[in-house]
Amino acid sequence: MSKINLSVDIAGIKMQNPVTTASGTFGFGLDYLDYFDVNQLGAVVTKTITINRRMGNPPPRIIETPSGLLNSIGLANPGIDEFIQSTLLDLEHIKAPIIVSIAGDTEEEYVELAERLDKVDKIAGIELNVSCPNVRMGGIQFGVCPEQVNRLTKASAAATQKPLIVKLTPNVTDIVEVACAAVEGGARSLSLINTLLGMSIDINKRKPVLANNVGGLAGPAIRPVAVRMVWQVAQAVDVPIIGVGGICDYRDALEFIMAGAASVGVGTWNFVNPTACVDIIEGLRCFCLEQGVKDINELVGCSWK
Amino acid sequence: MSKINLSVDIAGIKMQNPVTTASGTFGFGLDYLDYFDVNQLGAVVTKTITINRRMGNPPPRIIETPSGLLNSIGLANPGIDEFIQSTLLDLEHIKAPIIVSIAGDTEEEYVELAERLDKVDKIAGIELNVSCPNVRMGGIQFGVCPEQVNRLTKASAAATQKPLIVKLTPNVTDIVEVACAAVEGGARSLSLINTLLGMSIDINKRKPVLANNVGGLAGPAIRPVAVRMVWQVAQAVDVPIIGVGGICDYRDALEFIMAGAASVGVGTWNFVNPTACVDIIEGLRCFCLEQGVKDINELVGCSWK
Amino acid sequence: MGQAPKCFLGVNGMKANVKVMANFRVKENYYLMELQRPEVAKNARAGQFIHARCKDSKDPLLRRPFSIYSLDSDKGRIKILYEIKGMGTELLSKYKEGDFLDIMAPLGNGFNLEGNISSAILVGGGIGGAPLMALAESLKGRGINRIYFLVGAQSKDKLIPTVDFESLGVNVITATDDGSEGHRGYITDLLPMKLKESSEGCTVFACGPRPMLKAVAQICARKNIPCQLSLEEIISCGVGACQGCVCKVKDNDTETYHRVCLEGPVFDSGEVVWDV
Amino acid sequence: MGQAPKCFLGVNGMKANVKVMANFRVKENYYLMELQRPEVAKNARAGQFIHARCKDSKDPLLRRPFSIYSLDSDKGRIKILYEIKGMGTELLSKYKEGDFLDIMAPLGNGFNLEGNISSAILVGGGIGGAPLMALAESLKGRGINRIYFLVGAQSKDKLIPTVDFESLGVNVITATDDGSEGHRGYITDLLPMKLKESSEGCTVFACGPRPMLKAVAQICARKNIPCQLSLEEIISCGVGACQGCVCKVKDNDTETYHRVCLEGPVFDSGEVVWDV
């Protein structure tokens, strides 16, 4: 069996393979220890953290839709202090690179989070969540406006030496415009997509199912939208892309890679198949072997290159 | 059995019930004659027609995705001349109101189509398709820009006395802004949503599956996005809304109605269940009966009213 | 409540394709499925649940959670009792002996049996009775013989089958909303009287619809009787990763959200916040 | 080709839940399903297809098209022969005798047998052989007895079963790419020779992969022999409404798109445009 290179370099973060966990679907990397060895991952992307602890939205927070999952968790997280004081210690034994996702209500909060994480050796990179549609004061306002994304990225990039990844929201007219704004602002990688803003109504109660009314749609249902956006953005920017949205198996991952993503993030499907990430890594290896691909990087963007 | 009112008034078009066919999924109303009596429908919305005959995009034009259907038909249609000279004759025996969907490459084309249809008695209303993502020169440019939608609607409204419905594209940052622009321009009803721009890649061929690369995502997968948009728009405008996107059964239809749609359009699901429309009408009737709803209009927007 | 032991089965051990040994309708919409899974049968506790992938397709998308109904560590088998509600349970009912089912198990914390329990009153509403069977087995195993099972439902045909409880020597008392079997009214109507009969060391365990649990909690609180409740929420990940399944609890004096799948499904009744 | 008669079954008639009379594996990945559907068995023609809803869920979403393999108007039954390819056909293989399957049928135009046909050469590649069985039955029914079935596949195990053809008295000739059965090479290698042997009034009918169809068309064109091809495209609506299933054809001198589900699946080989 010839040696196949699956390793990729995302903004200076060396990953042994392209498979990462999508923020918010893998906690802080510790919840799946009973299912597989987390060190097999290309990288772990954590749940988004904020300055203060957040309880998140009231339940119900989750509802299934056809091939999709609608959620309004509301950025429930322990806050940066507890993250640094306690969660980080638990992460010590994880050897895979750890990328911490952050979000703030204001530009200053993003900057403060970036600054504080900058000092933490254990952290390989920072992902700006500018796109969470659930918290009224947070995400959505930044992520839909190219100028704001540009400013926010610039400010955050100035606050840290760590590789900065900007995670884009799909709820925009022109994803390429926002992507370029982020890159111009100093994003060394882009992650896309976050969830599509959606809603479900309980016809017996005659009210929205989610206590928060609207939520973010994720899962296989949104994959075609995500692949399209990666395909558009990859042709317009020079930074590596982390493709996210509805990935279930290695075939889905390959769609993103061929569309132009150097790395992929697995989200909702972790819930259905807790070993999805490692199954995908193995699937990618087999595909490369069968098709005579020596280096997975050869496949990145091959559908348009 | 007490008498339940299912009839609705959409911009002056009297429909015996809220169920219509989504443009492009029901041909010109004649393809399903073997499955049910088309006169049971609230209204028939035709495939979009253009000035000239269009062959449409090369195949493959269709690919299935999880709970979704990605298509790039490319507005294949006989053109306005053949429509008026030949198709219209076939439609003579249809008694349900007929709404004709139109699209143009330029504002002048929309106006010309509206003018020509204005003279045709048989036609109950005109739907402006400003959102078809498949034809490079057509739809998408108009539909994503509020100013353009406003201008286009104004020009078309001036060209016809018939009720004018504007069908919105979901591929925008702020659907409410576009909706308001259409209403300000003279739209007497809004139809939403058209398809989400998506893509699928054939990993063996390493190329997009669709010959046109990108296509429009429809089907149950997109329902949560559609319900959310109807919910947002219904609270912002005063004209009746035709809710479209992933409707399969009466429960789905009720989600749209409770979100604020006065009428609903069934698209992709016709392909799966050719009697979907009549099944939904019956389902709505039973629901009203069971829940003591005398008039379906009571339910319109009840999730937020 | 105590958390499930981490990693006790080692990497990969908690997800498995397990063999269906039996799957049949026991009554009306209630089905019983028996699975071969020695690791779980040996280690799981009453109140924990399995998370089953009912179908290898993307609709329905999520797994479905089912409480362990019975644990047989000798045969290495577990049982679940389930009610057909929608697509997932419908699909589950199609499994045949010899098929394999993809499950994650055991999940959740389980009932806490560490206190000084001399007798137990189990209160089950509808399918909520399912985990109480495993609990009864467990209590018996610890030599606790005075067990009452107060079981309620809307009507006779919606009562879960109680023959397994009876064979175990559990005292079964029924109530139906329409009086078609047992007491006419809520099962919680009968709880105060039962509690009066009971001595020191009696603990109440309940699972069922939220209004029933609230009533049980209030009755026990008034009498100062320890009470554990098993709650339901839509479960997606089942392992604590997504924060989707929370319920509001009191943690010291502050209110916070706990995950039903990880910190639950069993909670001390005093913890639960009953707003709305 | 002629269009299917509209409304011949009346409103609602073309969609039905029909009873599965048999469903079993005949060979490797090939399954045979028999359905009770007198209206279709009586009226359908060879080359038409059924459009089946393999599962009552939203994934897979679309129906799946299958050619009619055999029509028994006496018993009121139709058969399909199918190959397991993906989720839809996998689900189909799970149906048991007595289950009901939701089908739309008959769809498409079918083979045109109106011309002066004295002998027929049927060319089938892989599962493409399926509609040719119904065609053979039909030809026999019209007293046409000189029928050759040239059937090809990659290898022996991928050849469709030919016993039904043989029982009908059809002359079966096989080819496999790897030579594991019959001629080593393409089945189209054998067509020129067969055509040479054939007399006036011979018509060729073919169904299979596009490259095979193209070769058949070219060979027939050279010899000026009438040839009908059954094409495949992904079918969504099946009734002509969506325009999703088109293939390029020559209509007089202009090229245009025709719908495989309505104007097809059978086309005169001269109509089809073979650009990549």
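A few comments on the model shown:
Lettered A, B, C and D in written order, each chain numbered from 1.
Keep in mind that, in the parts below, a residue touches a chain if its C-beta (ideal position, glycine included) is under 8 Å from a C-beta of that chain, and two chains touch if they have at least 3 such contacts.
What you see is a predicted model; the values in this text were computed from it and never measured.
Fewest steps needed to get from subunit A to subunit C, stepping only to touching chains, is 1. With chains reduced to the mean position of their C-alpha atoms, the one farthest from subunit B is C. In whole angstrom, the spacing between the mean C-alpha positions of subunit B and subunit C is 47.
Subunit C and subunit D, compared by their mean Cα positions, are separated by 54 Å. The mean-CA centres of subunit A and subunit B are about 34 angstrom from one another, to the nearest whole unit.
Subunit A has residues 66-68, 219-220 in contact with two or more other chains.
For subunit C, residues that reach two or more other chains under the stated contact definition are 58-60. Viewed as a contact network, the protein chains are fully connected, with every chain touching every other. The residues of subunit A lying in touch with subunit C in their complex are 24-27, 31-37, 47, 55-56, 58-64, 66-69, 71, 73, 76, 219-220, 248, 268, 270-275. Subunit C makes touch with subunit D in their complex at residues 55, 57-60, 87.
Per the touch definition, subunit C reaches subunit A in the complex via residues 6-7, 9, 11-15, 53, 58-63, 104, 233-234, 236-248, 256-257. Partner subunit A is touched in their complex by these residues of subunit D: 58-59. Touching subunit D in their complex are the following residues of subunit A: 66-67, 220.
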